[in-house]
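Letters A, B, C and D name the chains as they come in the text, with residue numbers starting at 1 for each one.
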């Protein structure tokens, strides 16, 4: 019995009509098998933080601006050596194969067809570098690492990622063990396929293993020395991902991080953490422009991208909505979702009287709680 | 096949019993075809701002006042050369024909029969100036403009509006492109009739076009020079409509606006904007009495009119509730709705111990959030 | 056809088991005819203030106190010449006959059988003074006046009230016209019986008249001179009822009021007013002990009585819950409700470590909003 | 007819799979007879405080910390002479027999099998000291006292508790009479079995008595002298349980308390009290480390334990969730629940970057209300 027979991931490839990503999630829940859908869309514990990620956006309002002389807003920006046509990229997410039979290769193709953005490849990818490469077709990529307890294996993985063309390494530091994923526990969820990149350090391929189990076999004790090791060994810029406090942002920069990745792992790790957007502004103040800030967790609309940029983020990473697009339309669905975000962001920029991303970064938000 | 066969707008003409405008909306939803009702009552995006417009009223309470020596409160006021019997006027709204077969002419007649107030005529009217004139019967009117990209056509339109007797021009500055109207997208909504005033600059008459499409053909880049042009060319006072910040109010005054129109377009443009009432007080402070302030977005009760006046507005513009009255009773329904607001405002004025509109403007509101 | 045939008010007389007054309301809704129940339990407008009266209690918490040396708390207090066994009295409410066939006489008997408290008789009573006297059986009483536009008739009414033994006059100042009672409008509610005390100045007896109509025939313009007139003519202490601001409290005292009655008429007059409890503390500060404060609107539990006393009230007036008791058990039901409040208040006093009403007045409340 | 025939308490003994304690409560509601379940899970009055205990946790967020160098967090701590493997103990709860036929002996066995923590024995236990001892098997225990009005009987009880090996006495000071338990009133709930420890001072054994009745026969007037008496007579450290204010914490310490037990009795006594967690931090400031603080009321997750420790608590006491475990699995279920809390706390500690309980106590929480 093959994987695809066991776990019936969607296979359809089509453009999709995105009215909102919330509707996308609902539609995706009908085509992704329940265990996979709950894994993708769920959070940890009581899902307080998952929900708070969404509610946090409402703490700030965007002010419409008029007589602003704006037309055809320009969404282009730059991160390191990459010129981007939009200020958003793909976040690293494990196991795209839960959403679509083409796995990460499908996502990669959607991204490269959209163009002008970056793919993040997760260490817990279900596809191999080679499979993803076929989809990416030369598009820029970053590699996200879950470290092994064995230094040699980490060197191996970094060698491979670098050989594959990664231009930055994302060190996920907020997942030293699995969050309390109650939905997965209830579903007794295990991955229906292996994880070729990290299988070298797992007992088993990853297939039929629970997330808990896989995390337990990965390195739990992440420390400043790890940032230094990755930066020095790879020679690439390193993002520390999972930063939620000014203290950690400063620590990460001090230890050699080339970028700060503000994220609470989409509400999947420590439940009862604040909404990711709530902590962004004070982290941005602490970073003070020394390194770029990537932001994720809870981004579902153009308004969200606008608010994050106006609160100090340089780049926004998209996660679940892209997977829902993948589920509903394969690589074409991924492209549709990215186009939706581009259109929606342009609309918000126009109505908020901002011509460029730089203008957005200087926009005044309205305190909705006062 | 005529328009009326395609789109079955209500045709009934009758006085209506208004217990509350919220109930009116519910009743109207049963007689207006779904596409039209959703267009009229819906907002943009997740309809956060639409809802916030309503909730924002609850941020301030009205204090009952006793031993106040009040009887038969006087609701009369003045704006420019017009003596009004009530401090509210009709807001400019597109396409009244969605609500009733008599289109803007029906609304106009209801207004003139009520008397002592002002009709705003939208550039996206489905009726011609002549048809509206028949209903208005000499009643004062203001004209709201959506500009063409072609200056000559704008002159044409202004010439016509002036010839029609408009005593002020309302420049809508917050709608340089369409908000993200998800309900319209879902309904694949297009206007079932043409828009005679702006058809000169559209490809097509407006009929069977989406709002998105029409906005795209209108001028997107609205700038201070437009205010100056309209004021100078027309010789009429110009309102800048869609102001939501003190910054824009000051900019508009500096550029020659004779009035500030505080509005978030009824929650139909930039979703995630604050409630319109939330931003009124600080705009009023910035305006500092230099020009009059018209306020709209979310007004459904006498209490709302009271609160807006007590927060710095001089005139309140009514929108959707009037269209619901039009749908339920034609011009007689419009008149019933205006009478409801007059009665309700008088009741609130009496119970709040305010004899005149000037008294209302000096009433202390209670901070419900502290 | 007699009144009782037209309007089937409950007639049962029995002790009732009061678990909470909220449950009482639900039970009463099943025995009182709908028009009458909606009249009694409803508020004005969107019933925002009605609901806020309830929610406002949650803005302050009561702090449990231990090692407080309390046993058998003493609820007795004093107002003017009256020694009370409890700090609560009956609020003036119109038309008890909607709740029970024995009308105000039933309430009066329940109060006198409970003892140690005061009955307020409403000018809009459906029973005559004589009928009420039979129930009161010598129990103290205050008289609440809705003034006529005719001074002689007011003298008449005051003469009668004084002859009847009233020891204070309550001038309702917040009801110079009817609140916007949407439920009554929907039910087309009219009183099923006359109002003997004020019928002298009505066109009609009150029977088959709407509240709107009756208020319109009463005096609308209530001013400081009215307080002076009542005090001088009657020689009795006058309460100004409906005070919701420090300004009005000071004005009322200056004009000769012997007491301030903080009330928003149970959320039945100006909708969008704050919850009555929300404004109590600042009124109490302004009154500064010069005259006693009676508080009503929203009192449903012993905790509420405690909080009002700890926020500056001297006496609490109970309204709807008593009528629900009347509906469910006649005078015996009234007595059960008063006993419930006594028991509940004692429990709260014990758990909050307060032996006397004076202790309660000095209890620190906890700010639940900070 | 024996007790067990009358009241069918669960008898099953099995390990249970704890996904969350909220689910446990739901599962328990299906196996515990309704009267018993409502007694255990219910609160007083409108259950505002019961609910607020849960909501209060959300007023503070836990901040994920990265690069923290944490692995296998250490949950061990110390209270008086006891070395604990976890910072939580069993709270004193009456009548475990409602949840399981093995009564307190079952709970005791679950605790001793888990090990490294303390059992609190309630004076209202349905089991005798001897029965509980069998389960405890030498495990440390504290004794909670409800005092008699008769000093000799109190000496008796203290003698017995001390002979039984109690190493501290917990004086419950917030329950000098029963809270307003509406569910119990509605169910006409009486205990289906006796209370051997206090039966010496009851009229009746406790069986078929209501909580109200039992409290009424216990001492109501708890005063500072009682703390002194217990401490001197027993020679044991005394906790004052039910402290919710800095004032009472200081008073209790001044009167000889060796520990402060912050609790609102699980929302079962004074309704409208703040959530217990809301008052912890200011009490901790007042205590200023002079004596240890035990915290209970509303603890359902590892996150809650973390937040309480970070807000000044030294030890957390668990109540209802343990009884739900008892109901679902007897002593094995109790052990499963304790293991769940241990695992959950370790996960939170890891993700919050805290290696030891001392680290947790110094963690910065995030103000979710600002």
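Methods note: contacts are C-beta pairs under 8 Å (C-beta built on N, C-alpha and C of every residue); 3 or more make two chains touch, one makes a residue touch a chain.
All values derive from a computational prediction rather than experimental measurement.
Any chain touching chain A that also touches chain D would appear here, but none does. Ranking every chain by how far its Cα centroid lies from the centroid of chain B, the top place goes to D.
Where chain C touches chain D, the two copies mostly use different residue numbers: shared numbers make up under half of all numbers in play. With each centre defined as the average position of its C-alpha atoms, the distance from chain B to chain D rounds to 60 Å. In whole angstrom, the spacing between the mean C-alpha positions of chain A and chain B is 43. Chain C has no residue in contact with two or more other chains.
Chains that are in contact with each other form these pairs: A-B, A-D, B-C, C-D.
Taken together, the chain C residues at the contact with chain B in this complex read 45-46, 48, 173-174, 176-177, 179-180, 182, 185-186, 220-224, 226-227, 240, 242-245, 247-248, 251-252, 255, 264, 269-274, 278-279, 369. Residues 19-20, 22, 57-58, 61-72, 301, 303, 307, 344, 347-348, 350-352, 364, 366, 368, 370 of chain B touch chain C in their complex.
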